[in-house]
Amino acid sequence: MRLRTICYYFREALQSILRNSWLSVASIGVVAVSLLILGGSLLIVLNAGNVADNLESSVEVSIFLKDEATPEQIKEIENKLIGLSEVAQYVFVTKEKALEEMKQDFGEEKDILAGLEEKNPLPDTFRVKTHMVEQVAPLARQFEGLAQVDEVRYGQGVVEQLMALSHWVRIAGLTTMVLLGVAAVFLIATTIRLSVFARRREIEIMKFLGATNWFVRLPFLLEGMFLGLAGSFISVAAIYYGYFLIINSIQVSLPFVPMVSDRDLIILLMEGLLFLGLLIGAAGSMISVRRFLKV
Amino acid sequence: MRLRTICYYFREALQSILRNSWLSVASIGVVAVSLLILGGSLLIVLNAGNVADNLESSVEVSIFLKDEATPEQIKEIENKLIGLSEVAQYVFVTKEKALEEMKQDFGEEKDILAGLEEKNPLPDTFRVKTHMVEQVAPLARQFEGLAQVDEVRYGQGVVEQLMALSHWVRIAGLTTMVLLGVAAVFLIATTIRLSVFARRREIEIMKFLGATNWFVRLPFLLEGMFLGLAGSFISVAAIYYGYFLIINSIQVSLPFVPMVSDRDLIILLMEGLLFLGLLIGAAGSMISVRRFLKV
Amino acid sequence: MIQLFNVTKMYPGGIKALDDVSIRFKKGEFIFLVGPSGAGKSTLMKLIYREEHPTRGQVIFNGKNITRLRQREVPYLRRKIGMVFQDFRLLPQKTVFENIAFAMEITGASSREIKRAVPEVLEMVGLAHKANEFPEHLSGGEQQRVSISRAIVNRPVLIIADEPTGNLDPDTSWGLMNLFLDISQRGTTIIMATHAWDIVSNMKKRVVELAGGQIVRDEEKGTYSL
Amino acid sequence: MIQLFNVTKMYPGGIKALDDVSIRFKKGEFIFLVGPSGAGKSTLMKLIYREEHPTRGQVIFNGKNITRLRQREVPYLRRKIGMVFQDFRLLPQKTVFENIAFAMEITGASSREIKRAVPEVLEMVGLAHKANEFPEHLSGGEQQRVSISRAIVNRPVLIIADEPTGNLDPDTSWGLMNLFLDISQRGTTIIMATHAWDIVSNMKKRVVELAGGQIVRDEEKGTYSL
């Protein structure tokens, strides 16, 4: 391709953007709004997932040992724990430490527990965390039968509920995102089609003058890519600054809510959005022009 | 206005919809998608608010009485509670009942509490619920000074966190909804403007033939209203059936999450969406046509 | 009926399309507007039906100052005028029948009137068989004839025709000229911009010649050129 | 150069625009296509530059069967043909200069060539001073002349002109006819549909008359009508 022709393509695209300024602004606006919605919901899903992960990781299995368990038997159980890949971490809590903790939990009413030191009714315990919440129940079952183990507990009801909840958050989030993605693409395609539709006579005339399909298409393609990129740039800027603003105020007022604030991840996401805008713009014009090239 | 002319308006609107079928489908689609997003986020906000309310209502103030409080003094406090409008409900828990409950909480480890019956260290307690979470702290303060009261407790940290959380959910929800509303109106207005733009020559010609502004405008208005209504109808149908589907499966798998399932409220909301679609369609065409009427 | 007083029309870019033009057209007159391409013929017509506003000067139509007309009075002015545009200006989404019916619907004509009048004018221009076609499926000359039928269907008091035979063969042109003559004899004023020198010279009507935005000749029973 | 073999063109709706037409145009010929409105003149031209496909029959251009041309070869066919459309078909978003330059840019002409050739052809049609106007700011005749300059700027081997003087006054029309004559004498074939009987009769070129989609006359050095 000759340099002159390439210059022509860029000049055409730019001129078209400027002369159809109103249409250009509208297209950029639609892309910006759509990607804003998409990006925003992506971040929400990401954060919901994060909160769910956080909740999950606070679920633990307590393995209560029998009073008569010997140190060797305890060591045996510990070795078994070390051997299991699903175990993320574990601690051994002696009966003395357990009582200590209980007193702390009771706070000012700890007098209730006075006198229990002599005849401590609490057992020695292994507290185990798994990597994933799904592994809790199977793990518990592995230890239930053992001779030295008195009882295994993991807040049965709560774990199931948590699992269901996090499952639902993920499904709902994914569905929302897919729906929004489809909606955004649909909106942008519609806008670009309308804008090409408003200029179908022009395309037709070009073809009658002997322009090849690519000669007609390329300026539109560049125009679409530029509009898509401009729109996604606006949305990315808005999301980026808006998000860190929100994160900061949430971290001040709701310090207990864990927010995703990994700057690299966010930037990756923003890059994805920019690329998506470019792609949508390009695809939109390609598809839209095609209809009118058949002259 | 003559019947003949009214017929003309409707015929024109219908014809235009059918002859520009592609544009009509696009407009309906945009309205549907926008209102779907709007309605969906409205329901999410509604439910988030509901969950927050639910959490809030489980916060209570415990007023622990001194051991030496006489029945008259207890009665006095009860009267004071009855007199306060912010009190939603209260129960009086005797020290015996409190111990009973504690044993239940301890479940299989209730042996720890054995022998406490003789020397019950727990106090008599009033448990009070307020209408709103904001009233918890002030209420607590009113009883703190009293002679017969040993201590007032309400999980200080948790209440403040809950208040902040529900405040945030509301603000975030409202902002999202306003943003989405603006986005939807913008998208629809853009589509209708584009569709009118593609037909600006037609409008011009009509004006040159001596058509009054209203004569040109009305078919477009009817068309816009129809497209808006059709779009909102699709979104309403999707939301309505989708929502009750989701509610049902949530109530099965996550019975502890309180969902808004008041059919009247939902129907009111759907009616609102339908009206909004009609309004958006009408406003969109009015604004869009205006530009081209000045000939 | 129509009077122009010292009308000047400047287009943006400093183009003087009309330069201090004063003229008077009487009721029932048949006027040919001639002159080279770009002389200002179309512009003069656009001032009368208010597509354009004069930069200076006044345009009077039936005693009313068009220049001062309020926006909502304009449609009623235009309904009194039948217009044949140089570029036809047919509604692309409507069939031939609907295009002509539309001009009647605007005035609130009844369905019966429309069903009677539209085929009649289509018959006059020889297009009865094309009533249900869309404009883009017509030949150039056919489109032009549709625009002529639309202009006459409401029996306006003034017909402004911009190059109404530019796309027509001589026979058809003469047929339409006789139609215009008929209409004019019933009292309708007709202002026609044209380059058809043979028609102008043969009809012996009033000829107004424009050149460079000025009236250079105004002759009763004139010919196309001196 | 161009041959039509038994070409029939039916439009949807059962309209037979061309009915079993066979004809041959030689290189360097100047052909007038005449006939009443709706005779099929524009349709015949549309078949040559492939705006329409024949329902039956073959069209041969420079030995190539246009009917069988692959879609991606069509642009190269069209670049050899300069077209003046009955409805002008100027690009509304481009100035006069850009409209003409566009026809050259398609062929990959250099910026220097464009800057030389465009003012030259604008000068030929007398529109050098309108180079930077947009089409909608031109009079009908001016638009028509722009479309003529666009058709000749690439020095095509064939010029197809549909009613190129319909909106022009006689003087300007004759000026353009002399221009076409010049071009034709340099070896370019010219096919022109027109209703300007005076021009046709005076030029004494080949005249092909269509009526109802059939060739009713084909005369060397003919006049507009018998």
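As written, the chains take the letters A, B, C and D, and residue 1 is the first residue of each chain.
Methods note: a contact is a pair of C-beta atoms (placed from the backbone, for glycine too) under 8 Å apart; a residue touches a chain by one contact, two chains touch by 3 or more.
Quantities reported herein were computed from a predicted structural model and do not represent experimental measurements.
Asks: So which chains are sitting against chain A and chain B at once?
Replies: Chains in contact with chain A as well as chain B: not a single one.
Asks: Find the chain most remote from chain B, comparing centres computed as mean CA coordinates.
Replies: Relative to chain B, the chain with the farthest C-alpha centre is D.
Asks: Where the CA atoms of chain C average out and where those of chain D average out, how many Å apart are those spots?
Replies: Each chain reduced to its C-alpha mean, chain C and chain D end up 29 Å apart.
Asks: Let me have the rounded angstrom distance from the C-alpha centre of chain B over to the C-alpha centre of chain D, please.
Replies: Their C-alpha centroids are separated by 67 Å.
Asks: Using mean C-alpha positions as chain centres, tell me how far chain A is from chain D in Å, no decimals.
Replies: Inter-chain centre distance comes to 62 Å.
Asks: Identify all positions of chain B at which a residue touches two or more other chains, and write them in rising order.
Replies: none
Asks: When you draw the chains as points and link the ones that touch, which shape shows up: line, ring, star, complete, or other?
Replies: Its topology is that of a ring.
Asks: Let me know each pair of chains that touch one another.
Replies: Applying the touch rule to all chain pairs gives A-B, A-D, B-C, C-D.
Asks: Under the definition above, what is the set of chain B residues touching chain C in their complex?
Replies: 2, 4-5, 8, 15-16, 19-20, 199, 201-202, 205-213, 215, 294-295
Asks: Report the residues of chain B in contact with chain A in the complex, numbered from low to high.
Replies: 23, 26, 29-30, 33, 36-37, 40, 109, 111-113, 116, 121-122, 151, 161, 164-165, 168, 176, 179-180, 183, 186-187, 190-191, 193-195, 197-198, 246, 250, 253-254, 256-257
Asks: Considering only the defined contacts, which chain D positions touch chain A in the complex?
Replies: Contacts found on chain D: 49, 51, 71-72, 75-79, 81, 83, 85, 89-93, 102-103, 105-108, 110-111, 150.
Asks: In their shared complex, at which residues does chain D touch chain C?
Replies: Result: residues 11, 13, 34-38, 42, 86-87, 133, 137-142, 145, 162-163, 166-173, 195, 197-198, 224 of chain D touch chain C.
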